[in-house]
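So that you can tell them apart, the chains are marked A, B, C and D in the order they are listed, and the count of residues begins at 1 in each.
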Amino acid sequence: MSTLDAQLMANWMADLHGVIDVNAKMLTDLDRQIGDADHGSNMARGMKAVAALDAGNFDSAAAYLKKVGMTLVSTVGGAAGPLYGTFLLRFASALPADGELTANQFAVALSAGIDGVKARGKAEEGDKTLVDTLEPALRAFEEAASGGSDLADSLSAAASAAAEGRDATIPLIARKGRASYLGDRSRDHQDPGATSMAMVIESAARTLS
Amino acid sequence: MSTLDAQLMANWMADLHGVIDVNAKMLTDLDRQIGDADHGSNMARGMKAVAALDAGNFDSAAAYLKKVGMTLVSTVGGAAGPLYGTFLLRFASALPADGELTANQFAVALSAGIDGVKARGKAEEGDKTLVDTLEPALRAFEEAASGGSDLADSLSAAASAAAEGRDATIPLIARKGRASYLGDRSRDHQDPGATSMAMVIESAARTLS
Amino acid sequence: MKKLINDVDTVVADALRGMEAALSDRLRFDHENKVILRKDAPKQGKVGLVSGGGSGHEPMHGGFVGLGMLDAACAGEVFTSPVPDQMMAATAAVDGGAGVLHIVKNYTGDVMNFDMAAEMVAEAEGVRVESIVTNDDVAVQDSLYTAGRRGVGVTVLLEKIVGAAAEQGRDLDALLELAKKVNGGGRSMGVALTSCTVPSAGEPTFSLEEDEMELGIGIHGEPGRERVKLGSAREVAGMLVEAILADLDFTGSPVIAFVNGLGATPLLEQYLMYGEIARILEGNGITIARNLVGSYMTSLDMAGLSVTLLQADDDIVKLWDAPVNTPGLRWGC
Amino acid sequence: MKKLINDVDTVVADALRGMEAALSDRLRFDHENKVILRKDAPKQGKVGLVSGGGSGHEPMHGGFVGLGMLDAACAGEVFTSPVPDQMMAATAAVDGGAGVLHIVKNYTGDVMNFDMAAEMVAEAEGVRVESIVTNDDVAVQDSLYTAGRRGVGVTVLLEKIVGAAAEQGRDLDALLELAKKVNGGGRSMGVALTSCTVPSAGEPTFSLEEDEMELGIGIHGEPGRERVKLGSAREVAGMLVEAILADLDFTGSPVIAFVNGLGATPLLEQYLMYGEIARILEGNGITIARNLVGSYMTSLDMAGLSVTLLQADDDIVKLWDAPVNTPGLRWGC
């Protein structure tokens, strides 16, 4: 049972901050191969700023996560900044003000976040972007939840699907973002944004239930 | 017995041209260590221009060698250009118009050439320059000649002394030219100009008698 | 990695402090937002010109702020688009009541961040903002399957030309139209001989063999069309010009020819390449009205260069010749 | 070796052809002698200013030919002094009856070649020639046991300042005196992070470990004072400024501070370093009257930079501010 408040979301972000920090070099290395070698430092810079937010200053989960979204927009830059920022802003807007966090509420918020990402970046599943992590994660989450799983189980289903979605970017040819310049040569590389987004979902599974 | 004419000097220069060409890379490598990595290409450029002169157009050894000196001045550049050019201009000016080339005449010409180099470059023996090849060569030549040796024997004495003078530059600290910037660090390197100048004397020994 | 920096995290902030120390007689610095401004901004009644992008391309864009070019430039982290806050601050600071034109290079990050900024600033401050997205790099296929052609050398020429027109007092609609004409009539192609090294990454972005070059390189070290054998200057010039001419016909009007060093390529080689390129253009019946040779849009310490051709009608040539006074480009005053 | 060239033997000739293609509206080229001239040379009654040296330092010297700077520059082979024929041709071409000043960097080859040229041109053409030999590099001990300090950054400043004075109509004696004052009041110190590669040599002149730098580097890759561990920008700035201040007192008058990139060092790092240097100078009670930041005197593709300080009295500052119109330096017109 998770109480839907700023602290819960701050736990998520604190966990994610740690994961991104540890993996920043790896994310940058992935981006070196098909991008411009900055995804790890971009995300780390953003999460550092997020970690400096004090959950105590926010009176709801939504208010806190909106600030997280704005903070990412204001600090990450590049493609990831607007995308991660929009994801969290829309995710936050779809959350109820308080109460328990239910699987259904999470699904609605996740779906809203994904819509925001797709509207901003115009990518579809299969374009070798972080959408390739998000879409399977949402599908798995919804399937689990509609089959009666609680938030925790639905989140772990989503996390597995996110990891699979991330891995599935490897054989793809990129059609959006910087990697698309490579054409065929983008094949056989794992997408950095899909990789960091899988960390987001995995971190949610660890912290939100 | 050597007839003092343009053709004799052209033989000298043709031989030298071949030697410089073969050793250009080595001279540049020496210059890389204590200079600016161009002595070989400077000398090769100059000797190529000298080789293009037609001895048939000159009515004396002196006229031909003056043109060689001017050609080196006009094509070599750097420190070597004025020094080699002055050397040959002064050498040429001290030659008699015609007749046989005697040991004594060669000694006078060599001495005049050296005076020109020292006036131009202000280097003394021991400064780790081509003067360190020239001075011992002149001393050995004069000693041999005054001991009754003919031109051929005096030249081979000079060539041995030139090689020794060149080798003797290795332990020296440079006090003139670009190598002097190195101070102590110029020690344990053979001077490029002393090396090319030894080829000049050795080539003279091969061709002038 | 060998760089004259203090800390990979403060490279841009430190460089802006140094730039301010050197140029505070003509530029103003908003360090909080990493925005470089004309000292006299906002100019009442003049359309404000704002550009920006990742740092590491200097003098672009900060070095092009001044009379006859930009009113403000936003400096992102190295090779990373600036964030909307920076663009909003810049836009608000240069708005003189006649609206603001955003000059954006076509990269996903730049476009999305400038988009967000334009939306937010229009809402918050009521400033009218238009955007021109430059996309002149013929190395990238402009298709549904890519993020579209990248914005490269034309951006510099556009900032000069549209900057001159803004200085003359043209309005936002006219400037947008002019900007579209410039972007539509310009094409570029680049080549890298060596990789750049991003400070925060600490090692070269890619590596090339001693006899290889990357044809169609992007200014952030993005891979190009193909990796080919290093050729002579003449051959390389041929490949670059050919790729451009295959994409757009340049025989119809005179051109501005721009040879741009990517960072580590000596001016000696840039001039040498310009000579080869000019010869090829002449052979193709193309007249060069004006030229620019130098390292104006760099990629940190990358060795290589890019070629940009721009169709230049009388209006464009006159605007090109108009006075400009920026740290990176100056003439006529 | 990776270079955009056709042939190591024709690099300079090819680059001059390209420079002519780009700049023939304002410069004239004597390709036989590899001399770059002001289009309007000789200017009757004006003292002619001639400089030159090995190529590979662009824009110095050819890029400094034009109004308010040089009348002619002689381009030697890469890193090799030009020959007297070139200097004689340049001198004869720019003599407007008021004599000619040779601006020579203190390297044995340059000095000897300019000396021979001055002797010969005075004899053959009756032109009055004076020479100023710049020797501002504090990395080298100025003693009987060396060829003396090398001429580096001050040369650029001197060409600008004395060029402005020549444009004003000062006579040869006055210019020589001014040139001596500028040279005497200027000092420089450089550092290399990587070696350059001379085209004809085909490989780097020296090699440094990943964590080493050469303190006191010469612009032809001549070794410096010592090889030390690579430091932060702040530390490196400290070492360079300290070496300069130990050699000459700069507290007496304002200075012109010149941070010069050696080729492959990004402008971003140059500005960052300028910030550090300005801070140190301030801390030492030294006032900066004017500054110049950029790659004006390069060493092919070497990464590194040099710092030059110049004592600048009112006359010098006014001459600095005077209009200049050359490919490499332009303002006021």
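Simple rule for what comes next: a residue touches a chain if its C-beta (ideal position, glycine included) is under 8 Å from a C-beta of that chain, and two chains touch if they have at least 3 such contacts.
All values derive from a computational prediction rather than experimental measurement.
When chain centres are defined as mean Cα coordinates, B lies farthest from chain C.
Separating the CA-averaged centres of chain C and chain D is a span of 29 Å.
Taking each chain's centre as the mean of its C-alpha atoms, chain A lies 55 Å from chain D.
Chain geometry summary: the mean Cα position of chain A and that of chain C are 32 Å apart. Residues of chain C found to touch two or more other chains are 78.
Within chain B, not a single residue touches two or more of the remaining chains. Because contacts link the chains only in sequence, without closing, their graph is best described as a line.
Applying the touch criterion to all chain pairs gives A-C, B-D, C-D. The residues of chain A lying in touch with chain C in their complex are 28, 32, 35-38, 41-42, 45, 73-83, 85, 120-121, 173, 175-178, 180-183, 185.
Here chain C touches chain D in the complex through residues 2-7, 11-12, 14-22, 55-56, 58-59, 63, 78, 193-194, 210, 213, 230, 232-234, 236, 263-276, 278-279, 291, 293, 295, 298, 300-301, 303, 305, 330-333, going by the rule given at the top. Listing the residues of chain C that touch chain A in their complex gives 54, 76-85, 107-109, 112-113, 115-116, 139-141, 144-147, 150, 198, 200-201, 205-206, 218, 220-224.
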